[in-house]
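Please find one structure pasted underneath; my questions will follow.
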Amino acid sequence: MLNFSLIGAGRIGYMHAKIIKAHPKSNLKYVYDVNSKLANDVVKLTGCAKAKSPEQAINSKDIDAVLIASATPTHTKFITTAAKAGKAIFCEKPIDLNIKKVNQCENNIKNYKVPIQIGFNRRFDLSHAKVQKACLNKEIGDLEMVVITSRDPQPPSIDYLKAAGGFFRDATIHDFDLTRFILGNDPVVQISAFGEALFDKNAKKIKDQDTGMFILKSKKGVLIHINNSRRAVYGYDQRVEIFGSKGMVISNNQVPNSVEKFTNKSTNIKDPIHFFFMERYEKAYKDQFNEFVKCVLKKTNPKVTFDDGKKALIIANAAYKSLKSGKVVNIKF
Amino acid sequence: MLNFSLIGAGRIGYMHAKIIKAHPKSNLKYVYDVNSKLANDVVKLTGCAKAKSPEQAINSKDIDAVLIASATPTHTKFITTAAKAGKAIFCEKPIDLNIKKVNQCENNIKNYKVPIQIGFNRRFDLSHAKVQKACLNKEIGDLEMVVITSRDPQPPSIDYLKAAGGFFRDATIHDFDLTRFILGNDPVVQISAFGEALFDKNAKKIKDQDTGMFILKSKKGVLIHINNSRRAVYGYDQRVEIFGSKGMVISNNQVPNSVEKFTNKSTNIKDPIHFFFMERYEKAYKDQFNEFVKCVLKKTNPKVTFDDGKKALIIANAAYKSLKSGKVVNIKF
Amino acid sequence: MLNFSLIGAGRIGYMHAKIIKAHPKSNLKYVYDVNSKLANDVVKLTGCAKAKSPEQAINSKDIDAVLIASATPTHTKFITTAAKAGKAIFCEKPIDLNIKKVNQCENNIKNYKVPIQIGFNRRFDLSHAKVQKACLNKEIGDLEMVVITSRDPQPPSIDYLKAAGGFFRDATIHDFDLTRFILGNDPVVQISAFGEALFDKNAKKIKDQDTGMFILKSKKGVLIHINNSRRAVYGYDQRVEIFGSKGMVISNNQVPNSVEKFTNKSTNIKDPIHFFFMERYEKAYKDQFNEFVKCVLKKTNPKVTFDDGKKALIIANAAYKSLKSGKVVNIKF
Amino acid sequence: MLNFSLIGAGRIGYMHAKIIKAHPKSNLKYVYDVNSKLANDVVKLTGCAKAKSPEQAINSKDIDAVLIASATPTHTKFITTAAKAGKAIFCEKPIDLNIKKVNQCENNIKNYKVPIQIGFNRRFDLSHAKVQKACLNKEIGDLEMVVITSRDPQPPSIDYLKAAGGFFRDATIHDFDLTRFILGNDPVVQISAFGEALFDKNAKKIKDQDTGMFILKSKKGVLIHINNSRRAVYGYDQRVEIFGSKGMVISNNQVPNSVEKFTNKSTNIKDPIHFFFMERYEKAYKDQFNEFVKCVLKKTNPKVTFDDGKKALIIANAAYKSLKSGKVVNIKF
């Protein structure tokens, strides 16, 4: 049994609280949020104690692990505190928006050998994971192309946008990580990025983007395309396609039911795909947490590491450099 | 090169005229229709001669084969004439609506060894034929069930209905033949039939049906379901499913293009399937004719025989007997 | 909060124990099974008490509801006991295999106004329920045909078969209920049944069937086809199709992931569909239980009633009568 | 009726000969090919005359139109000759591999007002054309992204490669044109190109590419992705996806039949998609020719113009510039 403190009780934090509660081998002991009301909701749901401070929650002797789901700028601080306290750490993505802070954090914790897992949930999606495995097992022969389609149902609020660190660091970062997941030990070495504010006035106002297209190249010459949008009216569009010398494997979108309708105007009509990440990746979030619990209990290394979080951010930064310069940018990890 | 006379120049006859013209090894010499205007249209299309009588068309020395697409009650007469003249015969289904006339015709022509092919076009559909082949090759192991869905886009006129010989003999007869095609050398031995006039006032008026469901059983115990309707607003619904000890193979419907649309209300929206048999079986009609030409030129036996036409009618008659008696009826060929 | 006793802790009983535990508004207090070891497993899972007898479990004052998942022949006894004790009742299907016992039970409990829900889980499947709703809302206009495909992945043991009451009462009964669910207030009035033992030696040995086909007719003339098999190598085949004057709606099979593979031999290759009912109807079982809890707490009537259980059995009995007589049989409720 | 001379009787020329022969309003009068044997095959097929020289074929008084399907470097010469002779011109793509020769040709013929159509056959594909129309009609609202997938089944011979002018000018040029077709009056203004020789030794040997990825940007900010490969083992992969403020429309791949297979290992197994362009675009080639005949007979302007051919080449050239410089390149028409 693994005892947890939860730092951050917003939408994502609350979801994690439910997952911790439901898991047969984990238990929520403390919750902390700067917003006392949000912490209370988690107390009500799980019966855990409300910590007076994040430090109390993290350092408490009766806990084994910390789940960090607080605001992004606080991540590195809580990671450092938890590492020093010898707690296992699950931290939501991104580690931080500033690569310097990430590097400093990495340096601060390097001597504390605690397990750390970063919340790139998509790696745990059953379908995406099958695609990755098909790639690894050479089911498609030698990999030649990857095409990732990634479109949110609707743009977030301007407040969210202001704190998010830019479209590429907030949204595309998931796809950069998915790219690394699929490529395995063949690192990406180059990127060319396009970004536009085509429909979201808020994005435009703060000089952010709502639409992006990217080409990356790996060391072996594999070409990767990502297209990313903040808005898709038919739901949360999440597709991954790998193509190689022996064929193609696609992880397709998913509709919540298997009903098809036929009328005098159209056929094979299905409902919209899953609305957003909470629905589409519901199982992936559970499987991600289950993996973390297993790793900590079995003292094995988590599969999605601090280094993965850092490298996704490095790619996002390279993407911005490409966007500004109009050049293909070399990626240096 | 095979020279043809065409008897009957209505909708189906005209279609056959186009196919004869387009085929590299066939040539249309004569056309006859009681309606002179219809015959003229075929003359205009192909440049053939207009025969003064069906007898002239059939007995003419410069022709090798007769394509009979005239009204059903005239089929047996023209088959007999053509057989006596030593011409190869392609006759549209059904041979006749009256089993006595069919038997008599069979008797009349038994000494004239001419090739005869009956127009069960569906056997030549690429997809249905793949299903049959999968069955024959035991790709699904031992056959256990067959499910045939067969729905026209819209009911015919009352005049058509009056001459058609009843829903089972006019429409379901195709599905009875398809059943025999798939079962190969395992004959059907029993049938239970349901029929209703649910929507077509004309069918109701003449005590015909517009909707039918059937279960047949083969000698080996294979169970076959057919459902048949005179109306489907989404197009001409033509599906065949075979199921056995090692799996299932389905011949699905076909949409004329491969476009899918995604909106805020629905996803994967396709256009209606092919409207009717002319569209859905366009290629099957050509392949059926090509098979006939090949058989005649190579002096091999046509695959869809007079006997096939007769047996489909026997099943349709047994279906009516079942409908009237409320009993499972034994089929005797 | 609703406190439960669970009678029967076999495979289905254990599944219900998990569902009761997970539901936010229910609590498992007691479990009873003739096999003490099975009861222990549920105690271990949920921390509930082990009852010394079914009567103790049912009559205990601190429980509100009884979930009956014991052997079929015990159902009516426990229903009666629970009704007399004033407990809400959830009983697995079928109520009993003997219509006399069902009628007697109905008579015994008619004066005890307790809520009773029968476990026809398929009614709660998201996709089947959408089909039913589309029918109810006349989305396909007037209903004309229903086609139900229902195939288990593999036949059960001979011991199971011996106790199951025959293929139609054990397996097809689900499809008979689904038919009634979809037809709403238009009752089925006739049935024609075919049944064969095509592949399962055990079924053959005890003169049971493994393969069945059925046509039912409703009062309004709607035709319904069911095909049912004990074995499908590609998984648990569960499809429902409704067809009417304005179109068609299909509830299709479901694959556990959304991956498609393309090779030099084949395209669009997917994994097998869900293996069996535990996987396919996982959510339906939860939603069924949730509905029961809601009904009891809100004092509304459960939607799947004792009468539904009885009528499904009456149809199954009529099916056997048709099979034996080779006649269309009138269904009298 | 339109009388044609055909220049070039190779694989594509022979296909055009068949189309000219089959069309009700066109007639092939002359054929010319430097390879006399190839010309003979067309004579045998159509009964046309064999011209002694291309000039004879083009200038002959009894012809109205010239179909140019000869080697690419000869296109501009024959276009010029035909324009001066006042003949309608259908010319296979590309006009030429050298933009200077294209510009010179444009200049040479500008005073001869003959109809010219360039053979970008994909514009006439029923499905792609529906996508373009959906875009034009704002069925997806404002266009934001286009994704084109374009993969040949297998790489060509080294001799073909040597004459083809490079992967982008030979293969991707079709996708550049398709991009322009879909964007309508919103011109592309920027391109970033990646190209690799990943699997084809011949391509590597001559420093050509076999795999490419591209991002283009339009004046309005629409982002377009193209991925292009010389080899796909599952067939000729041709997909177009448009995405906008109100949804998405996809033109998908097409399988020659509608059969699906279900086994104990996989489900929904289909045959490979169409093998190559001759199969996939069979109807598009006919419709393209039909459009040309209609335009000439009705004296309207062909929809795929000399200018379209020139602009596709300009984009291909910009793509090479981007590949070499590692920069986003501005496209100037």
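Chains: A, B, C and D, in written order; residue numbering restarts at 1 for each.
The rule is simple: a contact is a pair of C-beta atoms (placed from the backbone, for glycine too) under 8 Å apart; a residue touches a chain by one contact, two chains touch by 3 or more.
Everything numeric in this text was worked out from a predicted model, so none of it was measured.
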Checklist entry - So which has more C-beta pairs touching, A-B or A-D? => result A-D
Checklist entry - Which chain is most remote from chain C in terms of Cα centres? => result D
Next on the checklist: Please tell me the distance, in whole Å, between the geometric centres of chain A and chain D computed from their C-alpha atoms.
Outcome noted: 42
Checklist outcome for this item: Whole-Å distance, C-alpha centre of chain A to that of chain B, is 58
Checklist entry - So which bits of chain B are touching at least two other chains? => result 233-234, 246-248, 253, 260-264
Item to check | Partner chain C, residues of chain D touching it in the complex | outcome: 233-235, 253, 255, 260-273
Checklist entry - For the complex, which residues does chain C have touching chain A? => result 22, 126-127, 130-131, 134, 139, 246-254, 256-264
Next on the checklist: Help me check something: in the complex, which residues belonging to chain A touch chain D?
Outcome noted: 142, 144-145, 147, 149, 151, 192, 194, 196, 198-199, 211-215, 217, 221-225, 227, 229, 231-234, 237, 243, 245-248, 326-328
